[in-house]
Each structure stands twice: as C-alpha cells, then as structure tokens.
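For reference, the structure I am asking about is given below.
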Amino acid sequence: MNFMHKLASVALVSLALTGPVSAQDASTVKLALIDGQSGPNGFIGESMRQHLQFFAERQNAAGGVAGGKKLDVIAFDNKFDPQETIVQLQKAIDAGARYVFHGNSSAVGAAIVDFLEKHNRRNPEQSVLYINFAALDPVLTNEKCSFWHFRFDADVNIRTAAITNQIKNDPSIKKVYLFNQDYSFGKAVRTAATQMLKEKRPDIQIVGDELIPLQKVTDFTPYIAKIRATGADAVISANWGNDLNQLVKTGGELGLPVKWFTYFANGEGGVTALGAAGVGRVFAVSEWHMNVPNPTTEKMADEFGKKYNRDMFFYRLDTVIAMLARSMNEAKTVDPKAVAEKLETMTYKTPLGDTYVRATDHQFYQPLYVSVMADDVPKKLEKTPFGFKTVGMSAAKETEVPTTCKMRRP
Amino acid sequence: MTQPALVLADLRKDFGKASIIRGVSLSVTAGERHAIIGPNGAGKSTLFHLISGRFPPSGGTVSLHGRDITRRSPFAINRQGLARSFQVSNLFPRLSVAENIRCAVLWSSGHRYCFWRWADNLADVSARVEDVLAQIGLKQRRDVLAGVLTYAEQRALEIGIAIAGGADVVLLDEPTAGMSRSETSRAIELIREVTVGKTLVMVEHDMSVVFDLADRISVLVYGEIIATGTAAEIKASKAVQEAYLGTVETDD
Amino acid sequence: MATSVAPLLCCYAWTKTLLEQLAISTLNGVIYGMLLFMLASGLTLIFGMMGVLNLAHAAMYMLGAYLGYQISKTLGFLPALILAPLALGIGGALLERYGLRRVHQHGHVSELLFTFGIAFMIQEAVQMIWGRIGVPYRIPSALDFPLFRLFSTPYPAYRIFVLLLAIAIFFGLFAALSRTRIGLIIRAALTHPGMVSMLGHDVPRVFMLVFGAGAGLAGLAGVIGGPIFVTSPSMAGALGAILFTVVVIGGLGSLPGALLASLLVGLVQTFAVVIDVSLDDVFKIAGFTAASTGVFSDIRHTTVAQIAPILPYLMLLVMLVVRPRGLFGSRDV
Amino acid sequence: MTSTFTSRHTGRIVWAAAIVLALLLPELVASKTALTKMCLIGITIVFALSYNVLLGQTGLLSFGHAVYFGLSGFTAIHLINLIGQHQLPIPVLLVPLFAGITGAFFGLLFGVLSTRRHGTAFAMISLAIAELVAASSLILESFFGGESGITTDRSNGPAFFGIDLASQLQVYYLIVGWGVLSAIAMYAYTRTPLGRMAAAVRDNPERAEFIGYSSRMVRLLSFIISAFFAGIAGGLAAINYEIMTATNLSTAASGSVLIMVYIGGAGFFYGPIIGAILISLIQLSLSDITPAWLLYLGLLFVVTVLFAPAGIAGLVERHIPPLRAGMLHRLIPPYLLSGGAGLVFAAGVIALLEMNYHITLNAHEGPLLGLFWMKVDTGQPMAWVAAIIVTLVGFYLFRRTWPIVANAWNDLDSRQPGDLR
C-alpha cells in the first residue's frame, strides 16, 4: 500500500508538474501578467488583468500587431511574493510568453529584473522583456536598471517632482511634514522631497520626518497629534494601504488642517477607504484621472466601466500597448530584443500630450496631473460621492529626474 | 541499621491559605520498605510530590543519602537515585511498552542527550529493557502502545518505568489502587521482587498490602505524621485507630 | 532684556505642545487600550477556562466590523451595535458546540489548529462576500462631531463614545463575573481549571456560553472599532498578534491583568511614536560617535518611534524572561 | 514516531525507489516549469520535514518556523555574495551547511526563550518571536534589504569540479542531494536516544522529568536540530531563487508549513513529504484555476483537523492492516458508495463557492461561469437553487452512507480484533 501510494503520488506529481503544454502559436503574441490575484490585495491584480485585457482587445480589434498577430493576455498569480514570482515567471516563459507585465510591489519588480538579467544571459534565444507599469521604486531605473526593463509609470522621484512643482506654486504651504513607511520607497521619497523642496522652495521648513514600520501601525492618533504639534501645513506621504487610509482618516477625524500630498491615494479602493476625510485635502499624482476633460479618454473610460463594472485606473496601459504595437510593427518582428531597441528611443503623442522613453534608463516620461479629492466633480469613483479634480499639471519634461543608470546591453 | 536513605525534616506545603503538609519529619533507612497510610486528603500524594520535586515545599528539607535535594527539579532528584510511580498511570501513551521502559533506562545507562547513535543498537540498554520487561511480565506485550494496555498492565508498566532506571530509592504511589484481589496479590509479588535491595516508600490504601509488604509504617493524618512503627506497633496504636482505621473502610 | 524673553516664550510654547501631546496621547492610548481589552477579555476568559487560544478571535473582530457595516447600512448603527455582536455570539457558541468540542479529545494543539483554520476561512469568506477592497464603514453621523477641544485639538465625540462603551462593558463584565452564578463558576474555573466539573455544573454549556460571549465581545469591538480603523480584510492580521501578547503580558486567565496589559500596550504604543530618540542620539549625548556601517548602524539609527509597533513583542519577551506568569497571572505561561 | 514499516525491507525499497525517481524526474518531465516546480517542492519537503521534528516528534506547535528558514536564507545570500566577491573560499555547494548552522544558532537563541513551555504557551511565544523577527526584518535594512530583499547570483562563485550552478538542472540535483541527506539525517534522528526521548517528552513531558530527563533540554535540543534543517532548506532556497525577502520569514510562511505538515500527517515520518508535495502543487496549480484556492486550502485544513487528525499519512497507515490481512476489498464498495455521495456534496459546495466568487469578483465577465464541464448562469436563481439542492442532497447521502463505511470497519475489526487499528 505504501508503495502503491508513493507510486500514485509520484504519478500525480509528474502530471501536475508538467502543467499546461507550451505551445508556440505563431499567430498570437502572449502577454503574461504576473501579479497578485489572490489574498487581501488580490483585487488590484484582478483590476490590472482586466485593464490589460481591455487594451489588448482594443489593439486586436484595430488589427493586432506585426502584421495581424493577436495579443493574448494570460495572468499568473505571484501571490505578491518575489520567490513565487520566479516560479510563475518560469511558467509564463514555458507557456510561450516573451512579454511580462507587472505592476504591484517593487520588490517583485526587482526580482523580475534580477531573474531576467540572468535568464536572458543564460538563454538568449528565449529572451523576455519586462514591462513595468506600476512598480515605482527609483532603484529599478538606477542601480538595478536593465535593458530588459521598461517602466511606464512615473516613479516616486518623478512623482515627487510633480508634487514639489505643485507645492512651489502654493504659497500657503510653509511647513512640510514627511511621513513615510520605513522601507526603500518611503526613504526614496523622503530624500527626494527634502532635496527638491530645498531647490524649489528654500523658504519651506521641513518640520518632521517620520518613518513608520510597514503595515504594523493600528492606531494613528498619536502620529496625528505629533504632526499637529509641529504646525505643519502639508504632509508628503508615500504610504499605501492601511498606512495611508488610516492616517488620513484619523487626521480628518481629529480635524488636522493639513494638505496630504500622497502617491497612492488615487489607487483602487483609495476613495472608498478615505471617505469624506479626504475631500479637498488629499492630493495625488497621476498620468490621468476620470475627470481629465478629454473626449478620447472619457469614451475609453466609459467603455471600460460598462464592460467591467469598475472604474478605469490604468490609463497608461493604453499608451503601453500602443507603443509596444508600434515598436513591433516598426521592427517587423515580435522578438523582444528588437522591440526593446525600437521602444527605447520612441516618442509618442497621446491624447493628453507628448510622451517619450528615455533610452539611458528606460524610464517613460508623460504629462502628470496633480489632483485633489473632491465631491463636486462629474465622474465619481467606486460608487462613492467622491472623485478627483485637477489642480495642476506638469509636462513630461518638467518632471525629468537624473539617473545613475549604467545599462548593460546585450 | 545502616544510615538513612531518605530524610524529611519538618516538611511543609501550603496552597494559598490551606496547609496540606504541616511539618512532616521522617527518616527511611536504606533497604527498608516503608509504607505511608492515611485517610483520603491526608496529603500522601502531596508528600510524594514534595519529595520527588514536582512541587517545591513551603518549608523544611528533603535529603537523599545525606545530600540535600530540597527544591531540586524532578530530573535532578531522579539522577541522584530516586524514582517514583504515580497514583494515576502516567505513561508515554503513544510509545510501545518496550519504548516506555527504554526511555526510563536511557539516562542512567549514560546515553543522555545522545543523538549520534541508534537507540536500537545500544546493547546495554536493550539487555536492561529485556530484564525489566521480564520482571513486570509484559514481554508478550512489548510492541503494544502503552495507551491501549489494560489497567493492570498499565499499573505494572508504571512500576516498571519507576524501577527501570535502577534508582535505589523508589516511591510507589498506590501501586495496587483499583485492582482486583488476584491482581493485587500478583502486584505485591512484583513489588517485592523488583525492590529487592532498594529502599521503598509507598503510599497504599489496601491494609493487607501494607501489612504484607512494609517493614515500617507511618500514618499521615491532615498533613502530620501521627505515628511511625512496625505493623504491630501501628495496629496497637490507639491514636491511629481513632484517627484513621475507623474511617478507612467508608472512605474507599 | 528682549533677548531673554524669547527663550522663555519658546519654552512656554514648547511646554504647551508637550502637554497637549501628553494629554492626547494618554486619551488615545486609553481608548486603544480599552478596545484591546474588549478583545483580550474574551480571549483571556476562553484561554483561562478552556486552555484554548482562540486564534480566530481577531477574525471575529473583523467579521464584527463587516457585519456592523452591513447592518448599519440598512438598519442603522444602533441595531448594528446589538445585532452584529449577537450574531457573532451565536456563531461562536455554535462553533464551540460543533467544532471545538469535537476536536477537544485530540488535545489543545488540535483545538489551536482548529481555530487557526477557522481564522483562515473567515478571512477568505469575508473577502468572498464583501470583496477584497475595504468597505466604507463610517462613523455614524449622530456621533460625528467634535465633542470638546483638548488645547488646540478638537476631540471627536465618537471616540469618547467608544471609551464610555468600553468602560461600561468592563463594569458589566466585572459585575457579571462577581455577581452571577455562572460568573462564579467561570471564576472558579479560571483559578482551578479542571476542578469545576467536580462542582457538578454543566461545564460544556458554560464553555459554550463563554466562547459565545467572547465572540460577541470581539464582534462588538469590531462594530465600534470598524469606523475608527479601516474596515478591510487585512484588519484581523494587524491586531491578532498584538492581542496574544496582551493576554500573556497580563497573565493567563487574569482579567485584571488583561485590563492592565491592554492599557499598558495601548499607552506604550501611543507614547513610543512621539519619541524620536535613537541609540545614536544617546551615543552623541554620551559624547562619542562610532563608524556607522552594517547592521549595527541600522539598529543605532532606528528611533523609538520607528519600533513603536513592535514594542509589544519586545515587552512580551522581556516578560517571559523576567516574569513568565505575566503581570497578574497565577500560572506560568 | 509511530511510523510502522513493519517490514523494513519494503520500507527501504520504497525509499530507494523514491530517491531514484527523484534523480530521474528531470528526464521524465522535460519542461523548465516542471524543473522549477520540482526545485520548489524539494526545498519545501526539507522545510516540512524539519518542521515535523518539532510538531510530530517533539509535540511543539510553532507558528514561527519560517524565522529559521528565512534568517538562514538571508545568511546564505550574503555568503554567496561574499563568495562571488572572492572573499570567502568555500564552494557555493556547501552554503546550505552554513545556513543550517545559522539556523541552529537562532534555534538556540530563541529556543532558550520558548522551550521552557510546551503546548499552547509555546505556540504563543513562537508567534510573538515570529512577529518580532518579521517586524525587525523591515527595520534592519542592511541585512534584510528592506521590502525588496537581497539578491545574489549563484553562478558568480568559482566552479566546483565544473559545477557552476548556472543551469536549473544542477540546482535541482543540488537540492536532491542535500534533501536526501537531510531526510536521512532527520529519519536517523528519530531513532537516536534523544529522538526517542523527544517522542517521550511529546507524550508526557511531566513523566520524562521523573526518569532523569529535563523536558526543557530535550525540547531545546530538538528545537535546535529542527532549526538546523530549516536552515538547510533556507540555504537551498537562497541558491535556488537567488533572492530572499522578508516574506520568507513572515508568519504566513510559518502558517503554510504548519498546514502542509498537518494535512500530510504529523505522526508519520513521510507525512510531511506528502503534505509538502500536495500543498505545493495546490499553491502552484490550483491558484491558476480558481481565485478561491485559499478558501479550499482552509477548508481542507479544517476538515483534516476535524475528521482526520492523523493526516493523509494516518489514513494510509490505517489501511495497511486490512491490506495485509487481504480484506481491503471489503472496504471498496462502501468507499465507492460514500465517496460518491461525498463527491456530490463537494461538487455542490464548490459550485456554491465558485458562483459566489464569480458574482463578487468577475461580474464583468457576464453571469456565465465555466464550472466543471458546464456553463453556469449565475444570473439565474435556478442555478443557485440547483447548486443548493446538489449540496443538500450530497450532504444527506453522505450522512446516510457514512455508517456503511463505519460498519465495514467495525466488521473488519471484529474479524481480527485488536490488530486492525
């Protein structure tokens, strides 16, 4: 019986291990989305999958890429874990994907970059390109920059540039409090903000610089008291999740009169969690939001909303797909290396303005909106009475930040 | 008379406000079979717990072969040569009978925390285990899990574990409790046999067992020893009759 | 003369700020502590009596918040305040009756594993029903106003309501335990576990009641805590581990200990965040600086404020080394 | 360990066959994904076995075993980086050993704090330590690399007899090598005097004290040994993934290994192996099929706790005596009957759960849900009614047919009293 059982389990293993047969279908280009699809934050991964699917289908409807090939989105659940990511990445590669999309968590992003650097060197015929559309750690386009990585979102330094541009024009702000999570991200923001404020508004005093442990704080009231004691007018915070929502909510509850300059408040679930506390107080940076007055994007958002019964967030994926398609068409191949070479020098005009990829570090630059949470806007988010409205805008050039990238080219 | 193996001096134990043991002094000579009797709730088991280190006493001292063992931990006391059994069977239920005995043998045969030799290949241990299994009559049941033994077998194993380590002072807590007549007489034989050359202290309810086995008897009533002596002396003691014998039958 | 006034003024402002922070932090710490106590009391009762560490306790708190949200959306906050804890209490009792009692025969470890599995499933079920995003559970409008000003900070009425309710629960619990028959049995079971069955009471029924009551209290804490803390699927994980440290620090099975430990943890966590001192600063005051590289520089640069949330675990470890029975416990951990 | 290979011979053959199979597997299944998965499973098996030294053998329920896995993994990453910079003259192949020593060191450190107690108290302390370490890992950034962790390149070191670990296949054989060594060592440990005493302490820590052993010392030593092997697993993970992050030492990772070992069967040496394989495959494959996989995992766990506390291995072992007695066939008809009813019940539950998930998560894809081989319209009340009916009927049938299985067992028992259980 023991042996039988062993045998059975082994058979089961070999069956399960083999998994889906890797079929290289020449008529499709497989785009693998590797992101968390399950667990408490799985909704973001799902939303990403739907966005990617939506824009890929639009491209397919418009004739596909590289001579009629269709884009095919397949999602892999990495459970937000860098190690699991590597397993899923291998699965994606075996399934024939040569383009990997990923958004959540810079730790995962760094793991993908590290893996692909080694993988593409060890298996050049199987090279894979990584399209990062939401992992914001500056390290990915600096120390860890890679030829195989493109970032299509504004990293925290670029966002900080946009935020400090906004603060520069707001004379009511005299004292700024930095409030961040204690990890690479938060630290990047605090360094960048300190330096940029010094350049743009030397008169502003930084009255506090807090680093809190990631996702561990349950009661934010003491922090609010601390902020209030400094007399700050504005708080710059790259916090996300509970660390952001609760901070702002508690601040609203205790009547803390500050402007919150945030990096993630406009993410999915943001307005739901913040509620009325955020209205007129919470500022955020994005390449687009629902109340940007532009007929093309409005129509797109409507379609998306109708199809998926949720708000559109990742407008940038439209640009990504469009630019990827153009690179493939120009390169007349879907080979990642050739496509990457086209992509890295591309400039592109979106309905919202001029955008370009910087070849030195593969960072994408686009116009950025600074918006504030409001309840008097036409488009509301997540079935709440709240949405965002524009208060300022920076052109792509105005947000450019230096890089230390020394790219190793294949 | 040789020197005493076990000496209790003014031993006390309080649980909160309740005094359970109230100044017990006792000296047990090496090689002696000593029984402690007393009504329920007199503190007999508590006294054993104090001696064997399960509870720390509130006052007084315990010495074993002239060495102070008061407030030492149970294993330290056991290593000094004192072993005990329990009133309620206290075995290793998911180990086999032979394994139970083997565990009890390991420390005294010097293998201690060894993790570089196979337990099955320790010849000295295996020989000792066989001896003990033979003595307690569980050779046939050696591979049965201790948890599924019959009651009488568990009691025998309980005694086996207590004596297997070769301690020269053995405390048996009601070894025959709950046994039938015939089982009891077999148990008496077993105890007699396995404690040859050892010092035995036992708590026992069954007077026939006590008078059969014990060289000397102490009577514990409400945490105090009211009499110590030979069977004849105890039977003759008026204090004992008043305090104890009158109640024992109804108590059980 | 003018030169000497400025520092004085500054000192006055500084003292006022300090006092304000002190007052707010104390109040906040106490409220947080009382909420912790509402959870810890149930946990400690269950643990003290049954030896079961209910790992699903924090999940029940979360479930309470979600039910509170759902009911207050349709029926209003007041019904939610009553119905949600009631539902959880009944659910908890059923869980004890048909789940826990079944695994009881396999020992405490199995019970612990059972509650672990339940916590896991509540977590998933909540996501299945209410989705993976948090829900907009708001402070009821009747209580959404500043009650008074503490120096310059307007203090929200809802928090005071939470405080008062928690105090009321505390006294209610105290009265129930000291005045009622079941309370006496529970207290007896806390001090002498295993003895109560000899008193001739229906112990399983008492266990079921206590488990149900504990779940109900956790639910109540969820209902009133939900609007203050974000009601999302991750709220259980954040609180769960801290809760267990409270129970151990207070002493197993000791209600006064649980209260004191809850307040202590609440206050320590609130106060620590106001302290911006790192080891480096201490070194500097002592008058020497060392080369700052490697792991040790991390430790030295870390301020008390940064490690505030892990202080409970540190306290727990210190407690285990110094006094394993906890503040008020009669038994070792 | 109550592992009962009564015939040692068969046991050895099975183990040898398993090892040979592990060595041949890369030949049998050629895909790279499979290789990646097998590496992961190999590491998980070592980790699960190390956990069972605590849970199954010493009776210690820990909620923080990943701490030793993770800390050692991080140490291993730093070691590999040092090797890559030619500052450490050891081959990468030996890094798992040093990782194991690191694990043992932390096992000693935290074991001293936690092994004074057992049972629930130990579990709580382990949880507190795990939270403490996990929280600290985000503060001590130079060692743990913050949220993005620390990476390395295993092939940077000098090649050792031509083994540079650049290919996944070499890594696989490295894992098999260390895994087999570790498994043999852990099995051997169960047969040593200390290993036997660990089982005794698990059964009855109080009595162990009265036969000369300090229960605490036995627990502590077992704890250190367990942490040592967890460390080896951590070292292998470092080599395999070339990255370590704070999630590796989180309580979620600890919970996951606990679930594996328990479902596999903590009472048997091979239980954790089954659990590690099964749960790894669930994590790897079921997550592709359904977003509710965590819920199914939780359900599986609770059902195991309630109805099969000895785990899968326990179920297997129970059937060995009737098999030996040649009476297993008597169980097959009742099993088919009851199993069929159980499947109906399970299908109903799964249908309900999937439909529920579908309407909360995938509403945009329309009401149609691909379930088993059908398309279910979650917009139709009839679909829900049908699912509920299937569930209830399944439950009823299962309740009715289960006594038949129980009777069959009673029947077997009465034929060979005492031997069958």
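The chains carry the letters A, B, C and D, assigned in the order they are written, with residues numbered from 1 in each.
FYI, a residue touches a chain if its C-beta (ideal position, glycine included) is under 8 Å from a C-beta of that chain, and two chains touch if they have at least 3 such contacts.
Since we're looking at a predicted model, the values are computed, not measured.
Enquirer: What is the minimum number of touch steps required to go from chain B to chain C?
Expert: Between chain B and chain C, the shortest chain-hopping route counts 2.
Enquirer: Report the chain closest to the protein's overall CA mean, measuring from each chain's own CA mean.
Expert: D
Enquirer: Based on mean C-alpha positions, I'd like to know which chain lies farthest from chain C.
Expert: B
Enquirer: Using the average of all C-alpha atoms in each chain as its centre, how far is it in Å between chain C and chain D?
Expert: That pair's centroid distance is 32 Å.
Enquirer: Measuring from the mean C-alpha position of chain A to the mean C-alpha position of chain D, what distance in angstrom results?
Expert: 34
Enquirer: CA centre of chain A versus CA centre of chain B: separation in Å?
Expert: 72
Enquirer: So how far apart, in whole Å, are chain B and chain D when each is placed at the average of its C-alpha atoms?
Expert: Result: the chain centres lie 43 Å from each other.
Enquirer: Which parts of chain C, given as residue numbers and ranges, touch two or more other chains?
Expert: Residues 123, 131-132, 306-307, 309-310.
Enquirer: If I count partner chains per residue in chain D, which residues reach a count of at least 2?
Expert: 135, 139, 141, 294, 361
Enquirer: Which chains touch, pair by pair?
Expert: A-C, A-D, B-D, C-D
Enquirer: Using the touch definition from the top, list the residues of chain D that touch chain C in their complex.
Expert: 59, 61, 113-114, 116-117, 119-121, 123-125, 127-129, 131-132, 135-136, 139-143, 251, 255, 258, 262, 292, 294-295, 297-299, 301-302, 305-306, 309, 353, 356-357, 360-361
Enquirer: Show me the residue ranges of chain C that touch chain A in the complex, using the header's touch definition.
Expert: 17, 20-21, 24-25, 28-29, 32, 123, 127, 131-136, 138-139, 146, 152-156, 158-159, 228-230, 232-235, 237-239, 242, 266, 269-271, 273-274, 305-310
Enquirer: Mind pulling up the chain A residues that touch chain D in the complex?
Expert: The contact residues of chain A facing chain D are 1-3, 5-6, 9-10, 12-14, 16-19, 22, 37-39, 42-43, 46, 50, 76-77, 79-84, 86-87, 90-91, 93-95, 105-107, 109-111, 114-115, 118, 122, 137, 139, 182-185, 213-214, 216, 307-310.
Enquirer: Please output the residues of chain D touching chain A within their complex, sorted ascending.
Expert: For chain D paired with chain A, touching residues are 5, 10-11, 13-14, 17-18, 21, 25, 28-29, 31-34, 36-38, 40-41, 135, 138-139, 141, 146-149, 151, 153, 155, 166-167, 237, 241-243, 245, 247-248, 274, 277-278, 281, 283-285, 287-288, 291, 293-294, 316, 319-320, 323, 328, 361, 363-364.
Enquirer: Show me the residue ranges of chain C that touch chain D in the complex, using the header's touch definition.
Expert: Residues 47, 51-53, 99, 102-103, 106, 108-110, 112-114, 116-118, 120-121, 123-125, 128-132, 241, 244-245, 247-248, 252, 294-295, 297-299, 302, 306-307, 309-310, 313-314, 316-317, 320-321, 324, 332-333.
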